[in-house]
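Below, each structure is written out as structure tokens.
In the two complexes below, chain A is the common chain; its partner is chain B in one and chain C in the other.
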Partner chain A sequence: MSKKEKPIQHPEYVKAPMERRQFFGKIAAAAGIASVAGYASFAPGNWPGSLKDETGLLSKPRHKPFQIPDFRVQKPTGVFADVGVARGSRQADGTYSSEQLARMLTASIDQVGGIKHYIKNGDIVLIKPNVAFDRSPNLGATSNPEILETLIRMVLEAGAQEVRVADNPIESPPDCFKKSKIEYATLKGGGRVYLPDSNSFKMLHTPGARLIENWWFFHRPFLNVDKVIGFSPVKDHNLCHASMGMKNWYGLLGGTRNQFHQDIHNIVSDLSIMIRPTLTIVDGTNVLMINGPTGGDPSNVKKGDVIMAGTDPVALDSWAFEHVLERDKNDMPTYLTLAQEKHASSPLKGEIRYEMNYEGRVKEVQLG
Partner chain B sequence: MAPSPKKKKKEKVFNDRDRKIFRKRISKGEAVFGVCFVAFTVLMGVWFALQRDNYDPGERDVSDRVLEAQSVEDKLYRTPLLRWTDPSVAHAGGVAAPDFGVFPAAAFAPGWAPSAPPQTFDDKTLYEKIDGQEVQYKAYGFKSLSFLAIAITGGSEEINIELYDMGEFQNALGIFSVQRGADRNVEANGDVFSYMTDAGGIGMVDKYYFKLTGNDSSEAILAQSRHFIQNFPANIQKSGGAPYAFSLLVGKLGYAFQDVEYVKEDAFSYSFCNDFWFARSKTVEEMRVFIHQQDGPENATALFQKIVDEQLNEFSEVSRDGNSIVLKHEFLNTFFGLAQSGAFLYGVEGAPDDATLAGAMKPVKEMLDAEAAPAAGTKPAAEAKPEA
Partner chain C sequence: MQAIRKFFTEFDAKKTIRITNVRILSQIFFFSLFIISIWLTWTTRLGGYPVSRILEFNPLVMIATILSTHHVYRYLGWGLLIIGVTLLFGRVFCNWICPYGSLHQFVGWLFNVGSGKQRIDSNRYHNLYFFKYAILIVFLILASMGALQIGLLDPICLMYRTFATVVTPAADMGITIAGNGLTSAGLPLDLTGLKFKPGVDDRIFVGSFWVGLMIMTLVGANIVIPRFFCRVLCPLGALLGVISRFSLFRINRDVHKCTDCNLCLTRCEGAADPMGQVRLSECFSCMNCIDDCPEDALSFSMVRLDTKQVVAAPDMSRRKLLFASVTGVLAYPMIKNHGTNTDLTFSRDLIRPPGSVEEDDFLAKCIKCDQCINACPTNVLQPASFKEGGIEAVWTPVLNFNIAHCQLKCTMCSEVCPTGAIKKITVEEKLGKGAFEKDGPIRLGTAFFDRGRCLPHAMDIPCVVCEEVCPTSPKAIQTKDEEAKDVYGNVVVLNKPFMVPDLCIGCGICEAECPIKDERAVYVTAVGESRSIERRMLLQERTVKDA
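Showing the complex of A and B:
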């Protein structure tokens, strides 16, 4: 078949003629577009509408802050305690059996309603231990791995579909998780470790926070999480006098967070409104009494006999400061007062109390 | 010859219909497929947009168990790899010597080797290692931290070694005093002042403050810690040695090392009182002797007056004799004595009565008066013979 027999254009196609007026109109439109594009491209950066980016600031990424959900759960009706305390005795060799630790942990949570009240079937639960340092657990600078393992098992047995364990130590995270034995305990308990990397952080907006209203936050482990549990040791702190449940959340901050040491009480109190956990569990079995937060001498670690759980982190820290760290009630860290005030003025405060006065809100049990 | 329409249709690859542009109607199936295809594409685009950077690779990881179950045994022959050796490291018998960084190899017993490369931190990066406690070290003139983790071959024991260069002897002593329990006995071993813990040792030598922290309370860890304390000081770079005030308190007045404390800033809670040496009394609880050296007698006189002026807010004057004054606390009823001898200020705080105060100040006065006060303010560390 020859080319002539196969028309390229449709046989009914009629060429549209252009009038002079139309021609000039199109030329004007093209010139207008070219002028606008030329202006936007070549006009000096400070002229309105200019796209010239001599400083690079225009192309700087703009991070849209996100807000973290409220993970709190109202305690069951009829339960008066906001803080549950369980004491237990050690074995003859001075250690705790894993069964005893499990009993103490269960008993402390039972005082505020029991684990099944707070964890529901299918929940994804994040546990935040204190893994701040590349130290072995005997120094009391990091969370107790045995209790963590017990806690993970307990949460899984309560119906959680997944337990995540995360922290953002400034020292090498893999080394910290390994030496503190938190990684081993997590995997043994059936949890999953989330280590931070450069893509794990997002800008978090915390209304009412003084220092971290918009700040980098270790976000990745929080994806799709339903419940959050803080699990921390009780220890002396060189700057803020005591590091307990509330200070533990400092480990979720990214960026140059060391600058906050200049105003340590404000940053710790900001943490109390940054995250509202389902439960806070504080371990008083290995208490770093002096030289915190890093320690270094096992003799600085008191062999305590208590595990605490609570829905009110302020009351919990106040009780632990006085009864576990054995400090004077009149020397309470300023961050506790600030946390109480910030929570009271927060629009997101809800029904759960955040108060330093723990009188009548602590239920203590003694196990054999 | 032109092909028949039937043959022309057969030449079509996908269907035998006319091009859509020529068709007057489109089949229902094609229309439904088109709508579905567009909807699918739009939905996929929406999903991509919603995902943004929420993607969590970990959630889609194939689990280790599945990988392990589906793995096959690798029987490929591999050429044995030779251990890489750093050409800059001295070789012994073809094997690179372990890199102990600033630490002398003699400080490590056989069988111990670094488990990670040595690290160094300065005042800008110290928080990376001891976040939250760096302020305490910086208050005592911190210069650098050398960190080394060592592990025993074939065992689980590990020791973290932190060596803080505090710049001067008194800074090292200051941080050592602050972090040491008040009742902790310190052993003197040559220039090294240290004590053993259940899992290592803590001490100082010259301008260095060190902490050895084991991961357990094992004999191997304690043995290596003792080895380090005995052998480490041989090769270190030393500073000017112990200041005269320390030598006087420990060497001549006989105070035990653990009773001596150096306060770099804010002695007596006064911002103008810096570089004070204190020694706890062995006999009277809460009583401390203190010594301070100024640049010259004039400055010492000015500081003397400033302290007295401030103290008189809480104390009442009991007696004054030339360059010496005794004050009594208005509520606690304790006595505070302050005196000047040349460029030195010395005194006693917390004395229960006037006579005890005088008894504690007398030997200090005699020493300072008898000796010509050194202009430089320091004497060799060898003069310090502490009472262990």
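Showing the complex of A and C:
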């Protein structure tokens, strides 16, 4: 018996040969895939659908910068002051009652037009306190929680639908907010705390800024925000002499911000144009006179009696430097001059400024 | 409606309320308790919850620390509870409570598919399973001499360590990526509340890859040998196995009913030979064999110990016992004389958390559970590698100031430490205020300047972030103001920083904030730590008021 005639043992395993139609189909599919892959990898980069990267730079991570709006509000007609200052006396035991603080806060804002003028119904308001360190409030290194609570209540009463409180501290954020009592005050006042985590930063574009034209910015609390209020203490600062309303915005920066100490005056003046706040409130009741900006000893703190509110950050800080921190007018920090040069202090379009000297634009009231 | 009616009419109590289902509920409960404990161990959530209790219930931690310190720290007496339970019911801890055991069982259930025969064969006792007793003996002998190493393999410590340094950062990272993805897709949802550690940047742990690899390997080993870790390595299981020979309740086989079908081995977790002489020290009391027995021949009952029907003692011959003991005795000098962590020569990076006891005592107490690392709000606490403290101190907590700093008013690590390696301190004690004024503050080390890298000193560029952030009052970093002409001819005012070592507490914020990022121009080293007289640097009267 020849080989060919041998019976097939397992007929079910015998495979049929490929049909011509099937063969051409497979060839066509392979050619199609090969040509698409070939086009994508060899076609010049500007052709549509090409993946070609001649320089190796196309895959470089790109952070599309965003811009935040100007939050300023035109002052009501007839109000000339850019800075309102309210002085109030303490109780016999050396503390302030919460009513007195509320009176002082209202009085200071009233000098520049009143809270109702700045906060409209349904606004989402962001308040930026200074929570840089894990310190208790009496040490003067962080914003005063009692005034913050009063401020949140005032803003909510003025019609705001939501009040947010945010800062990016130097130390652990949850701890700083807890121990400075800012978190407690915020929740008690009816606000909401925004902590900076890795979800919170975006590249901000600030036209005209020298050091932070494009820089990481704590953007999450700014989503859909209508008004921004800065709320800071007055502190001594080892490098830039004073940390007040303007330096407070440092807490919105992310990234390697510790480099900026190499040019501190430029960065602080950059901050003054990075954010154009609706209002800046500066608290002069707990003033860190020396050993700033961290302090750490109650003896470094002076008991002041002022709360300031302003629409012009330069005038506000200049006045606070001279009258709250009690420093010589001629030692005024360079960043204030730089901020003026960067138009931080310029009036809004349509606003008329009668006095060029800041001292003429400060209105002081004395409460009982 | 119909489904509910069906549930009630066809509810078969005997089928549904089986003891193995009750066991699964117990495992889910304790695993959730473990996750919740990890979840709560965070500065914003910790409101007096006993978050370290799962570690404090651990009888191996209790016994080993009694051997190494001769005392019972704070809540470690709770370990008696597990010993009591074991005396009643055998090793129920392993299959009803232990979260690591549950993880192994779950992974085995998911991936170990095989025919009935394969499964029966994989669950027979193997000579290898004595090894855990040898490990236990080596660890206990080391502990009695003062080197506590149980944490390397103790399942609870291992689980805590893995969750602290691998799992929670990975979970938080996933939420970050999801959150950023949603934001860029135009859905800015706030997912922060879902994180284990909300409100901070994503955390990193130096060397955590090896911690992760260890648990991946051990869990993966289930595919080769079911419950490999529990049967072969677990020192806590071995300890409970020694105790469980005295247990009141045990698996009991009715030889008259048994048909020798071996089906009881199909899901036997402990490889305890329920089809023959039950090995009491191996049995996890998982009750699977009772479930699987077609003849109802097995029961969990109180019967008199009958050595013909059970193997009571662990499978340790006297020779094995002797060999393990000698290994333990020899290991001690080998570890100690390795010479990476003595008062004569120690790493400058061996900076311990505030409240830590003196190094020898520390090594006799630290169980490497890394619960302190889990609690640390700044991410400064890191599991040590061989570099900081040698082989003995691997995975114990050290501070890495390149990552973050130790916060002045924080004592979280000392609050959660279950064994007192970091003894519980108050903020006053840490800062040397009030009743502790005469002791001065707790110093973790001392900061030094590298003037060749410091911007104002070496390059005439203004900086002094270090002075700004220095938290002591008066500041331990102070400046000399100098006017200088820089290379372009501009006059610059330089605040050149210098150290006042008497005031430095070694918190490391200067190092953490220094802009010279790779090798900092100001750095903290371990010398001068207040917990040790041998490792001090300055005359005591310079740093302690009432010396």
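By definition in this document, the second predicted complex is superposed on the first by the 295 of 368 C-alpha atoms of A that agree within 3 Å, B and C clash if a C-alpha of one lies under 4 Å from a C-alpha of the other, contacts with A are read in each partner's own complex, and residues count from 1 in each chain.
Note that in this section a residue touches a chain if its C-beta (ideal position, glycine included) is under 8 Å from a C-beta of that chain, and two chains touch if they have at least 3 such contacts.
Model, not experiment: these values are computed from the prediction.
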item: Side-by-side fit of chain B and chain C on chain A, or clash; value: clash
item: Touching partner for A:H10 - first (chain B), second (chain C), both, neither; value: first
item: Which of chain B and chain C A:I170 touches, first, second, both or neither; value: both
item: First (chain B), second (chain C), both or neither touched by A:V228; value: neither
item: First, second, both or neither for A:N138, with chain B first and chain C second; value: first
item: Touching partner for A:K178 - first (chain B), second (chain C), both, neither; value: second
item: Chain B versus chain C as contact partner of A:R220, first or second or both or neither; value: both
item: Partner chain in contact with A:G296 - chain B first, chain C second, else both or neither; value: both
item: Touched partner set for A:L239, first chain B, second chain C, both or neither; value: both
item: Stretch of chain B, among 5-13, 23-31 or 95-103, that runs into chain C once the two complexes are superposed; value: 95-103
item: Chain B/chain C common contact set on chain A; value: 133-136, 170-171, 175, 179, 199, 220, 223, 237-239, 258, 261, 291, 293-294, 296-297, 300
item: Footprint of chain B on chain A - complex, ascending; value: 1, 5, 10, 132-136, 138-139, 169-171, 175, 179, 192, 194, 199, 220, 223, 237-239, 243, 258, 261, 290-294, 296-300
item: Contacting residues of chain C [partner chain A, same complex]; value: 42-44, 176, 179-180, 183, 188, 190-192, 195, 198-202, 377-378, 404-405, 407-410, 455, 461-465, 467-475, 479, 495, 509, 513-515, 517
item: In the complex with chain C, residue positions of chain A that touch it; value: 133-136, 170-175, 177-179, 195-199, 220, 223, 237-239, 256, 258-259, 261-264, 291, 293-297, 300
item: Residue ranges of chain B touching chain A (in the complex, touch as defined); value: 2-3, 21-22, 53-54, 56, 58-59, 116, 127-136, 149, 158, 160, 162, 179, 181, 197-200, 202, 211, 213-217
